[in-house]
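In order of appearance the chains are A, B, C and D, and numbering begins at 1 in each one.
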Amino acid sequence: MKLLFFLKRILTKYWLRSRLFYRLTLLILFVISAALVIVPVLSQPVTLRLLMTAPDVPPWNRVMVKAFEAQNPGIRLQIVEGPNATNLIEDLYTSAFLLGDSPYDLINMDVIWTPKFAAAGWLVDLTDEFSQEELSVFSAPDVEGGKYQDRLYRLPIRSDAGMLYYRRDLLEQAGYQPPKTFEELVKISKDLQEKGLVRWGYLWQGRQYEGAAAMFVEVLKGFGAFWVNPDTLEVGLDQPAAIQAVKFLQSTIQEGISPPGVTTYMEEDTRRIFQSGEAAFLRSWPYVWPLANAEGSPIQGKVGIMPMIGAEGNTGGSCLGGWGLGISKTTKHPKEALKAIRFLTSQAPQKEFVLEAGYVPSRKSLFTDPVIVAKYSYYPQFFQVVQKAVLRPPIAQYAQASDILQRYLSAALTNQMTAEQAMQNAARETRLLLEAGRTRRG
Amino acid sequence: MAKLELINLNKTFTPRIVPVKDISLSVEDGEVLTLLGPSGCGKSTVLRMIAGLEEPTKGQILIGGRDVTYLKPGDRNIAMVFQSYALYPHMTVYDNLCAGLRLKKVPQDEIDRRITEVSHILGLDDLMQRKPGQLSGGQRQRVAVGRALVRRSDVFLLDEPLSNLDALLREHVRADLKQIFSAQNAPVVYVTHDQTEAMTLSTQVAVLNNGYVQQLDAPENIYNHPANQFVAGFVGSPQMNLLTLPCQGNHALLGDFKIPLPDLPTPPPSVVLGIRPDHIHLLEADESTDRPILKGKVFLVENLGMNNLVSIRIPNSQGKAIVLRALLPPATWANRELTFTLPPELTHWFNVQSGDALVRRS
Amino acid sequence: MTATKVNTIQARYRRTGLYLLIPAIAVLLLVFAYPIGRSFWLSLFDQNLGTGLEPVFAGLNNYDRIIGDGRFWQSFWVTTRFTVITVVLELILGMGIALVLNQAFRGRNVVRTIAILPWALPTALIALGWTWIFNDQYGIANDILLRLGLIQEGINWLGDPLTATVALIVADVWKTTPFISILLLAGLQSIPGDLYEAYALEGASAWQSFYRITLPLLMPQVIIAILFRFAQAFGIFDLVQVMTGGGPGGATEVVSLYIYATAMRYLDFGYSAAMVVVTFLLLIVAVVICTVLISRYRSRTRE
Amino acid sequence: MSTTLNPDSLATPAKPRKLTVGTVLFWLAVVAIVVFCLAPILWQVLTSFKVNEDISAIPNVYFPTRFTLDHYIELFTRRPFMRYVFNSALVSVVSTVTCLLIGAPAAYALARLRPLGGRIIQAGILLITLFPGILLLQGLLEIVQAFHLGNRYLSLIIPYTAINLPLTILVMRSFYEQLPRDLEDAARVDGYNTLQMLTKIVMPLTLPALVTTGILTFIFAWNEFIFALTFITEERLKTIPVASAQIGGTSVFEIPYGPIAAATVVGTIPLVLLVLFFQRQIIQGLTAGAVKG
């Protein structure tokens, strides 16, 4: 009986068999022919490849690639479009290096990746390729951001720094000068809020992500505290000044200066609120400026910028961002890659790039270049910001350290821990982390 | 053609599961040996060992004098018909028939010749391009037999080939098989639990139980002269009456009646009496006999159609009443007092301990 | 005779069997045994950016670090919570769906097809879809809740620890309930219908027959489903990676995400190996418990 | 056969239904199941056809006011999406075929040939099905590094084959065990050796099972994320799930939902088709693999 049932089953499915054979054959043919097509027959001129976030690709292609290839006929520059999020780009570069034979010759690096990539031994040491003189044309913090343990691995191509945006119109209306300290900022905010001019005083990025670490570096600096000393690997997060810094951020929420949602905000969340005219101050990056001043923006022409401020008795500092180029150790074309870096960081292409994309330049002279200033009148002001920029700790385990900080900072900001508890935990874990590498290396 | 010999075969799966303990048999050309026994008696295992599908733990299998004990099934030149027929469902009847021959690299024209011949005998001519799923049960059975026949093997094995057919068809096919067997000369080993098949088809029957051959004999001897109590009870329907009776001198005591024992060197303290229900002789009212007369009362009548199976209670002043079953022509038997005798030539006597027949007749 | 035993039929089959197994075993050893074994070995070393990615023997240091690592234990807790909640919800829902699909009704095959669809689709893509559904601005989840008047203003689903967890659970329940209902459906179909009829003759209600017949007879499938789902949920990666990336603030960071970050982002290989080992051992413990449960259940029902 | 789903044999016999509260509730449940399973997919499909204004309209626009294929066009023009589809297909098909080629004989051996250590192997295989990919990642990465497999299809084909092997072996084994033993015995008597029997008798007979298993394997391979994310960094070689998850927009802080929805639809269509055509086989395979194991 069982057999009969089985036979029946086979037979009812028999249609499947014949068609299946047909399908399988087709499929195999398809696979074979496709495999033949893929076999890469690329014996073309030297191609340099680099990966970057999707939004960066069009301006790069329009300006940099065009200019470079025009000047260097034997070399092609290929920009690979990655995802939007920069941390995903970092992961992609990391995976590529880990796998060996990285497909990328040039590395377009965020400032915080440099120590990691350098420490892992994935970057070509460029120290001897560039003289002091050559480097002196760049903003000093940008060059610093390309170094790891005093060796140069990255040439800055684009700068970026946190800054304080304020509503010039409202401050004037209320009779205030731009604040010099956090205390003033708080006072002005409260006043403007009380007068009903704005709903919120101060906007910053408090979500648990890298942006919060960047923001916090500025506050730390503003309170005279530090995170990790890159030379001694000393951790300063549990020092009183650092705890003060956390308490300051907590207080902005408690006192209603910053919206409660600030602990979940990233750049765009804060910009939207600021741009809709609902806030007096915003801590953000240069990209906000053109958007805030765009046609149709409610705050068009009403915004001022300044370097990040500090607490009473301290100088503030802006967190340095920005991008630069390094060379992969596994590249087959190191000479061409170096040539490309020299070209791309040189005056003419960078100028054109800045004009096209509105990015902040890394070369000092471009901030005051008449053509650029004619288009971006606020660049001389940016220069001040960039010069005052501070680095996030250039340590190899920065990503890990940053995640530890973000975690506990967020815990403190969302009141799951007190500022003291959070910073003590963060300091302890950071020390453990740095210990695991250091003791055994020496 | 080749004689098949099994020498002291034993199959031990685990120390507790020993389906075949020690079996020796031989089948000559033209013989049909039936392995008969209840399920679990080891008959299928013996067949599978002959085929090479199981491997004996001990013992030897010879075909035509050649030791094939450890040869692969395919190298033994045997053919087998399976209970489920085991036709390849994805092949046509024709392909099923010639699969084995092709593997043996038999030339195509020879294959066709043999298939034509066999299909003619079995009436498969119109079915050649069908697949097993499109065949009736009887047709499948014939294809299975055909597949075995075309191989012209040294030994022909059949594992309960009729058990999946309905009763009516079974009788037809049984007759067909009988013809086919007699038409060819290879030794045939036929496994069944159906005694009718065993009786009708075989030249020799081996009754198996418990891993041993209980009796190896011609079919009629198996029925008429069971070698032991097991064979007596297994063969024949309705089952033989088997009564354990105490002895008194040269008599066995059936209730209050005395039955004379056969001639024995030393009369045992007790004995098993066997009498088939159809052999119980009912005494007519006026009939007289010199045999011991038994009396009993009918307490149950089962109508078997042609006959009635009547259960008779025989009084026993020593202990529990004894029950005998008799096969009698239809009548109103219920609650009647019956007088009957047990014909001595049809009465069997067995040793209580060993179950062996006390007297071997041939 | 015994001298030639090596070449007996059975021995030949066994040998052929072994040959047939060898390629599969080789692949399995390469892809499963080596990495796991390697992790055990590597967990005794520091190999990270601090050591220039060279392994330096560190004894049980990495395990020491794990014990003091708040993030690991948080991720562990997140994973456990996620696993328990999803498995329970999926079992309940899956049972309901299986019971419905086990009835005869018009269009049942179509519904069955639909009911296994979520399971078959790529988790990463589905996660993108759910991210969109739970978008704080344009997400349909908010829109529906608003229209129903259940909430007054839009929820930033993926921005809040609690709601992000809820969103993940919803997405996972949606994705894997079909798997459980398939397993349970198969179990239901192997329960002979006359059992119900016999029980119904004794005057049992539908609930009683579910509780007294269906549930006990379905127990093996339930345990197997739990075991499978437990292992899968405990190793969940793609859904969380795509939907929240572990955020906000590590509130949804599951163990596999942390391990992945430690290895692939922090390049802290010794440490991640130690975490792999700990997770592996925990899984084994769970499997052993489940196996014992199953065998005990089976031996009990056999008696 | 007992655990495979046969829609003709029902646990509960069909009864003529009258409109009662019970039947109404029952149909409500059916509708709920359908909505529960389909709604998220439908929403994604609708989104993919909406113009950007509709996508970001508040309150939500449910049905597109204007159908557009822009997102699909963008998908295939801005990025090598055809390549992704091709990569996914190639990796899935090759690993599926390899898996069946290796797994089916192994399953047969376990089911019928009683090889030495078969029980241990079987237990090991069962255990392995429970390992999440993350546990293997680091070790596999080393292998990939050692053999320079990074950014090669092989770096995915090998793990996919291996990861699907346990399921393949378990499912195929249970199918082989259901195969009437007499057939194989008959084949042996006919003179087939083990390999011939596998190729000429067993495999053709269990072709439906191979299809079933192959479909499951294909689905797993197509959907795999973590290895594809790690072992392939080159854009041209990415598979659909990873490539879709990494679709970037035009601004750093904006997520391009239209193209993502379109990518989701494109990436799931093959699987939806598979499920539509092979629903029965999938259910059968899953139950055979899990319950019988």
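Heads up, the rule we're going with is that contacts are C-beta pairs under 8 Å (C-beta built on N, C-alpha and C of every residue); 3 or more make two chains touch, one makes a residue touch a chain.
Quick caveat, the model's predicted, so the values are computed rather than measured.
Relative to chain A, the chain whose mean Cα position lies farthest away is B. The pair with more inter-chain C-beta contacts, choosing from C-D and B-C, is C-D. Centre-to-centre separation of chain C and chain D, using mean CA positions: 16 Å. Computed centre separation for the pair chain B/chain C is 57 angstrom, with centres defined by C-alpha atoms. A straight line joining the Cα centres of chain A and chain B is 90 Å long. Computed centre separation for the pair chain A/chain D is 37 angstrom, with centres defined by C-alpha atoms.
In chain B, the residues that reach two or more other chains under the touch definition are 52, 72, 84-85, 89-90. For chain A, residues touching at least two other chains, in rising order: 3, 6, 10, 17, 95, 98. Each of the following residues of chain C touches two or more other chains: 10, 264.
If you check the complex, the residues on chain B that touch chain D are 48, 51-53, 72-75, 78-80, 82-90, 99-100, 103-104, 147. The residues of chain C lying in touch with chain B in their complex are 1, 4, 7-10, 12.
Against chain C, in their complex, chain A makes its touches with residues 90-91, 94-95, 98, 116, 119-121, 207-209, 261, 264, 396-397, 399-400, 403-404, 406-407, 410-411, 414, 425, 428-429, 432, 434, 436-438, 440-441. Of all residues in chain C, only 10, 13-18, 20-21, 23-25, 27-28, 30-32, 34-39, 42, 96-97, 100-105, 108-109, 111-118, 120-130, 132-133, 135, 137-138, 140, 143, 146-147, 174, 178-179, 182-183, 185-193, 196, 220-221, 224-225, 227-228, 231-232, 234-238, 241-242, 255-256, 259-260, 263-264, 269, 272-273, 276, 279-280, 283-284, 287 touch chain D in the complex they form. Taken in their complex, chain C has these residues touching chain A: 46, 48-53, 56, 58, 61, 65, 68-71, 156, 159-160, 247-250, 261-262, 264-268, 271.
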